[in-house]
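Next, two complexes with chain A in common: one pairs it with chain B, the other with chain C.
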Partner chain A sequence: MSHSAKGSPASEPSWGKRSDLDVLNRDIPRVDGPVKATGQAIYTHDVRLPDMLWARLLIHPVPRAEIESIDLEAASEMPGVVHIEALKESGDTVRYHGDDAVLAVVAAETPEQAADALREIRVKATSLPPVVTRAQALEDDAPVVSRRRNADANVGRANERGDAARADAALAEAVAVVERTFEIPVQHHACLETHGHVVQPAPDDEPVTVYASTQSVGGTPRGLARTLGRDASRIRVLTPHMGGGFGSKFGPGLEGALAARVANTTGRPVHLMLTRADEFAIAGNRSGSRQTLKVGADSEGRLVGLKLEADKLGGVSGGSLPGPPYIYTVADDDAVSSKIRSVHTATDGSRAMRAPGHPQASFAMEAAVDELAYLLGMDLVEMRIRNLESDVHHRQLRRVAEEIGWAEHPHRDRPGTAVNGRAVGIGFGVSVWGPGGRSSRCDVTVRPDGSVVSATATQDLGTGARTYVAAIVAEELGLTVDMVEARIGDSDLPPSVTSGGSVTTGSSAPAIKDAAHKAREALEALVADVLGAPVGSYSWKGGRVSVRGDASRSLPWIAVCALLREPLVAQGEFRDFLHEGRIHGAQAARVEVDTLTGRVKVLKMVTCQDQGLPLNRLALRSQINGGMIQALSYGLLEQRVFDEQDGFLLSDTLDLYKLAGAQEIPEMVALIDDEDERPSVCGMAEAPVIPGHSAIAGAIHNACGARLTRMPFTADNVLETLYGKI
Partner chain B sequence: MREMDLPPDDLSAISRRSFLKGATQVAAAGGLMGASAPQDAAEPPALAEVETLSGSSAMELSVNGTVQSVEIEPRTTLLSALRTHMDPPLTGTKEVCGTGSCGACTVLIDGQPAYSCLTLAATCSGRPVTTVEGFGSPDAMSDVQQAFCDKDGMMCGFCTPGFVVATHAALERSPGADLDELKYELSGNLCRCGTYPHVFDAAQAVQQDRARGGEGR
Partner chain C sequence: MKDFDLKLPDSLDAAVGELPSEYSRDGAQVLAGGQDIVTVMKDAIERPAALVSLQRLGLDAIEWDGDGGVTIGATVTIQALAEDPNMEFSLPALREAARSIGSPQIRSQGTVGGNLNQRPRCPYYRHPSVSCFKKGGSVCLAEFGFNKYAAIFGGGPSYYSHPSDLATVLLMLGATVSITGPAGERRVPLSELYLLPEDALDTETVLSPDEILTSVHIPAQPPGARSSYLKFKERASYDFALAAVAVSVTRGDDGVVTEARVVLGGVAPKPWEVPAAARALVGEPMGPQAWTAAGEAAVADADPLEHNGYKIHLVKGLLFRALEALA
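Showing the complex of A and B:
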């Protein structure tokens, strides 16, 4: 039995005036900081269960092959091997590098024994032409590797929009026209915790427990139900902590299904985490693209016509690219035409990755805007403001321009030139995102002893979600964050959303607020008997409740809770009016280019970002920084590389697939756009990753006149662009 | 390193004896792996005479001030020993790349930072190892750990233990490092979320606190 906080509330929840907030819109150290900083936080990788088996996958090293035989005999006799099975048999084909290339799974008593057994599996296979590049996929006699039904080529049906003739006519009348072809490589998510699960089997009458490194603790039971042969309601998924997802960890994947199957078969807990090489091979990626973009402007700098032809390179998946014009406005909608198609290669399918498709579109569009400004002799910021509809973008661009030192910059309407082989430039980019919000629930429990629990089946990918699950309740009840226990990462808790597309905050925060508000009103109904004022006329601050306007009539928190005879449970739901999901950002980058060596050094990056009410300014700034850094890394370093002749993935270690490290990090300024006073919340993680590499490319161009049309911006790329073939 | 003289095809025949002589002289002095530790390191025995051993043996590891006997093989890495062979397992030290590229597995050995994924556990006998758990606990954090919390020097947190250990080592080696020097010192560690600026903030906060006479716990 418990008090229930039902019935019609006396008032609707609200985020309140910002000046009244004691907890939110401040720097809140994350509540799981101490366990993370001391190594006590348990990730799926770290789960250790009695009698647990260690499982490993054998992945075929080339994308396409005919299997003659997979001989498990020697491997099965290796010490410690408990389970071994082949996933392909004689006559089967490996169709692409990815989950289809998983040939076998081994489970043994120790990780070393599993690795040893893997090496003893004898595979006889004949390699087929690899089809790992766009060019290979488009050859006349290319093998068809597309998985589309009845595919007779590796090209998907083109999505054509607009009228090409109208666009051509508008471009013919434009004062300035730029046309470029951009090539963007495939990027990996490179989550530091690889994908994987620990599955603990159970008798039919008990729930199976699955630890999962997932962005969807609530969706994972459904994803494993069939493999485990039981209803999703009898599968409990736990994600106490997880080491990064970035869009790649929505479902259990083949690795999750195999962990479940081996656990079912052996009756023992199974630990199956991908190795780093496995992760590069089968855990998804951001699609590449090849875009030919032609844009024209009138003498005032207004965009008047645009044509885009683009190939999305998502391997066996479709890839992502939003239609043009990207963010910027072309005066006449009818003067925009596009033809976007997927070109399929025999490589791992792309997955969602932080703002899917948007950084790719940004790279081409921001380049066109820069070049048109230079053709017209126009300031880069002014050119942008003329072609962006939103006032928010205008003020944000001015803000980042000021922070980066634009007014003092010597060449704002033309590229500069190098002095003694050194050139400094500044570039810009903008972002938008629509994070949305959807159904989510939260339970807030207040106990007679004063303890508070806020519980919802969300997951913290590193965003700080766990912290606001507590902080929102603390704000509403006038408590400190440490007085509220946040419970997340458990599929048995009240359901919340899959964390993708920045929807988590916009969905779960309103439900938490609603639950906290209901708890507050239920407590006020009890307090009313003591303090005499009706529900809705109390102030909850500093661990006390007092009658608003009469501080002498008050009770400390512990006395309020003592009025409860049993725990109070308030059930909150998503409230649409507590979220709003349209956000904007602007970025600027300052770089130095060494025109003798081609080396690019980013000196400073600035972002101004809106998102409604900032729940936790400390975590927010860090996430903005993180977006800039991932974009910097994408622009300067990251590139998946296949051996085109035989199809081996060459970039399958963190030595060969480069991520930005400490020495690449410039001065970084994350500005929270406090002119955005919307009384709503939403997530924002996608937006700051969108334009950073575009701003860096623009800064390189502004520094020395080299317009890079290929990523990453390596030294050879810079030199070739400056001086031609090297 | 005598075993390196072997032709590649014979690598599997590396005996425990030649391995010990070649790779772990420091450790051997500590009585590595029981009674059959080599007595005379002077003459390498001919290959044909060497007894080839495999499988696990007991050795003592000194981790965070506690000596524990663990069953390991000669090829067991320190990272694997910590994460899968200790009782209870010490899982704070993370495995991310396995190739010495990312620093998530950083520990101190003899007070010096090292990648535990590239270190054979057998070489650590008699040498004190400090992992992230050895610097503090949630209720009694080191100054570096506290600063990582205060400055939010973490997002997903998977790189954090490595950064905490690396930051302790960096501030030990270069207490007055400026920002560029700190970046150099921490360049052996990767973070995918992009938390670096707050990690630098944390390191600088510790520097300032220690310079003011705060106790480096």
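Showing the complex of A and C:
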């Protein structure tokens, strides 16, 4: 038996006045920072179990092929091989580069033995035309690689909105019109920890334990139940630490199913983490796009008409692209028309990736706004403010403009020119997001010895979630963060949400708050017998509880807990009024372009971001910085590259899939928009990744007049835009 | 990775004795810092049955002679080269090239000899599943495929660009390498060390499989010569050169260029000297006009493929910037 803190509370929880907060809305160092920085944190990749097997996958190197034979004999005789199986047989087809290209799985006593055995598998196959580019997919006689039912071409049904004739009419009357075609390559999530699992089988009467690098510790048991042949309730999934997901790790995937199957078959623990090359081949991506965007403005700079024709390039998946006008407002809704379709290639399907579709839409729309401003001779910030409805965006744009030095910048309404081949420019972009909040639970346990545990089945993808799981409770009970133990990453804990779409904080933080509040009221009911004031009239600060207005009547925390005869368990749940998911951001970038060499050096990036109450300002700025870095890397470098002749994925190493490193990182300023005083919380991870590359492209244009319509902004792209292709 | 024997000979003769006279994919190869050979072995591009380590041969010294020349042992690490106290003053271009290589980890392990003997970085060559001329195949997929990083000079039938930063500078400095094989030692000017694909496909140098590059000798530079190395990395943090220039200029009292040497890197299957660019500088005062003329001369013979024409702009820009920095 334990004390129960269920039942209707005496008062509703609230985040409180910001001036009263002692823990939240401050810089809180991550509670797991030391174990991560010292290498003690155990990620799924680090799990080592007695008698564990190491599994590796054989992935066919070209996207389309007819399999003649897969000969496992030599491989099965290699040292250390315990399990080997082919996933395709003679006559089967490899239909796309992705999970359909996994030909075999090998499990051996060491990872090296597994890799050596893979090389001894003899595959005879006939390659088919690869269909890896949009152009190849759209050729008249292109093989149909679309996975859509009854597909007779590689083009999905177009999503058409608006009236093209009305848009044309509005554009015909516009004072300034810009039309451009934008091409955006496929980006990878490039998680530092690759996808994978360690599966520990168990007798029927014991739970199977699965270590998973997942964004859904709570959903993974269901995802593996059928493969493991048991009910999800008898599968325990653990994600103690996690090396990034960005939308690519919602389910166990083929690699998880194979780990489970090999563990079931062999009866031994199986470690199956994708290699980096596997990761690039089958673990998803952000869809590319090709957008032809035409936008017109009147003499006042108001957008009056817009037409978009776009192809989403999500491989065998549909891809993502929100409809126009992205964030900006066109005066007459009816003067906006769009036609968006999916063009399918025989390549790995796109998955959700940090604000799916939004960075792609931002790139085209911000470019159009820049160019219209220049055609009209208008200031880039003023042009934006005239076409953004929200005054939150207005103040944020002014704030980032001030921080980037816009007022002193010599060319705000026209591009500059290079002097001795060097030019400096500034660009802008805006973001929005609607971070959800939904059903989530949390248990807060207070023990007679004063220890406190805050437990919920969320996962920390590297965001800092673990820290607020403790900090919210510490705030409510007047404790320091280190006095509360945060327990997460375990599917046996009270259920919480899958971390996607910035829903984690908006869902779990209200439930943690609710549980902490219930624990507090239950403790106040005990304290009332000693201090004499009714529940609801106490202040919890500095490790003491005192009667509000009479500090002489107080007890230290340890004495409060001593009143407990057994642990107090308070069960919290999602409270909608503690959450609000409507956020805004603005970014600015300052770049230097060397017009002789095509070098783009980003000198400074600034973000201003709102999200209601900042739970942890340090983690928030860190995540904003992460968004800027990911957008910078996307803009400057990242690009999946296939050989178009035979279909080899060439960019399947971190040598050739180029991510920004320390030398690319500019001065970064993350401003938390404290004019947002909403008494609510929500996540904000998606927003800061949306406009950074757009702001950089705008800054390049502002610097030297070169409008890059292709990403990334590498030297070849800059030089060809400036001087033409040779 | 395929199992291999690690040989640790104590003498150069013994080391040479471990090496095969004919090239084969599984023949023994030399191991210096291992930063390249181990990666190609991991990807099964090369499968040597043995590696012959140079570790115990005492080839790790930098020796300055009295007249300004220097001899650099093959197993001197890139980091040691970059940190040599005389380098900044005497050979700043070589120091700059060393500092531009890889990452701190790679520079600390990689060696001068290894850098000069590294294999191509062409994405097709490095892809374990792709067959190409350089791996005994019968095609160069870069010719009509992804050739953004490929050569604009000297290509055909293979179009890789040589990745060595040091080679580009050493050619500009007039260096010579010492090579030891079964017949003893020979010296080869750096200008004769590398072969074009039209001359050989299974190697990039004149070294026989049983020869070891033991040291590099750089002669004293002309009095008053100033040199620099400028490398353009697509990813500034860690990358091979999209293009690079090593340039040396000597000026008379009147400021007019009397001697010049220009070598390009990252644009050909070997370091690519452009005497025409040097000629465009000689007799002219240092200034934008001469720099632009030198750039035009440097790329006059370029023969780009579909996706690497930008390197023509880039070489001109880099040469301009390198000369600007020397002015």
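One rule holds in what follows: the second predicted complex is superposed on the first by the 726 of 726 C-alpha atoms of A that agree within 3 Å, B and C clash if a C-alpha of one lies under 4 Å from a C-alpha of the other, contacts with A are read in each partner's own complex, and residues count from 1 in each chain.
In this section, contacts are C-beta pairs under 8 Å (C-beta built on N, C-alpha and C of every residue); 3 or more make two chains touch, one makes a residue touch a chain.
Computed from a prediction, not measured in an experiment: that's the story for all the values here.
Contacts of A:Gly661 after superposition on the shared chain: both chain B and chain C are touched. After overlaying the two complexes on the shared chain, residue contacts for A:Arg119 are found with chain C alone; chain B is out of touch. A simple residue count on chain A separates chain B from chain C, and the partner touching more is B. With both structures placed on the common chain, the touch criterion links A:Gly627 to chain B but leaves chain C unconnected. By the touch criterion defined above, A:Asp646 reaches chain C but does not reach chain B. Within the superposed three-chain model, A:Asp716 lies in touch with chain C and out of touch with chain B [touch as defined at top]. When the shared chain is aligned, chain C comes close enough to touch A:Thr597, but chain B does not.
In the superposed pair of complexes, A:Leu637 makes contact with chain C only, with no contact to chain B. Within the superposed three-chain model, A:Pro29 lies in touch with chain B and out of touch with chain C [touch as defined at top]. Contact with chain B, but none with chain C, is seen for A:Thr275 once the two complexes are overlaid on the shared chain. Within chain A, the residues touched by chain B in the first complex and by chain C in the second are 112, 653, 655, 659-663. Residues 55, 73, 75-76, 80, 83-84, 88-99, 101-102, 104, 131-133, 135-139, 141, 145-146, 148-150, 152-161, 164, 182-184, 186-187, 189-200 of chain B are the ones that touch chain A when the two sit in their complex.
By the touch rule above, chain A contacts chain C in their complex via residues 61-62, 112, 115-116, 119, 421, 594-599, 637, 641, 643-646, 648, 650-653, 655-656, 658-664, 714-716, 719-720, 722-723, 725-726. Of all the residues in chain C, the ones that touch chain A in their complex are 1-2, 44, 121, 123-124, 126-130, 141, 144-146, 148, 232, 234-239, 242, 304, 307-310, 312-314, 316-318, 320-321.
The touching residues of chain A, counted against chain B in their complex, run 27, 29-30, 32-43, 45-46, 48, 79, 110-112, 190-193, 241-244, 246, 275-276, 461-464, 618-619, 622-623, 625-630, 633, 653-655, 659-663, 665, 668.
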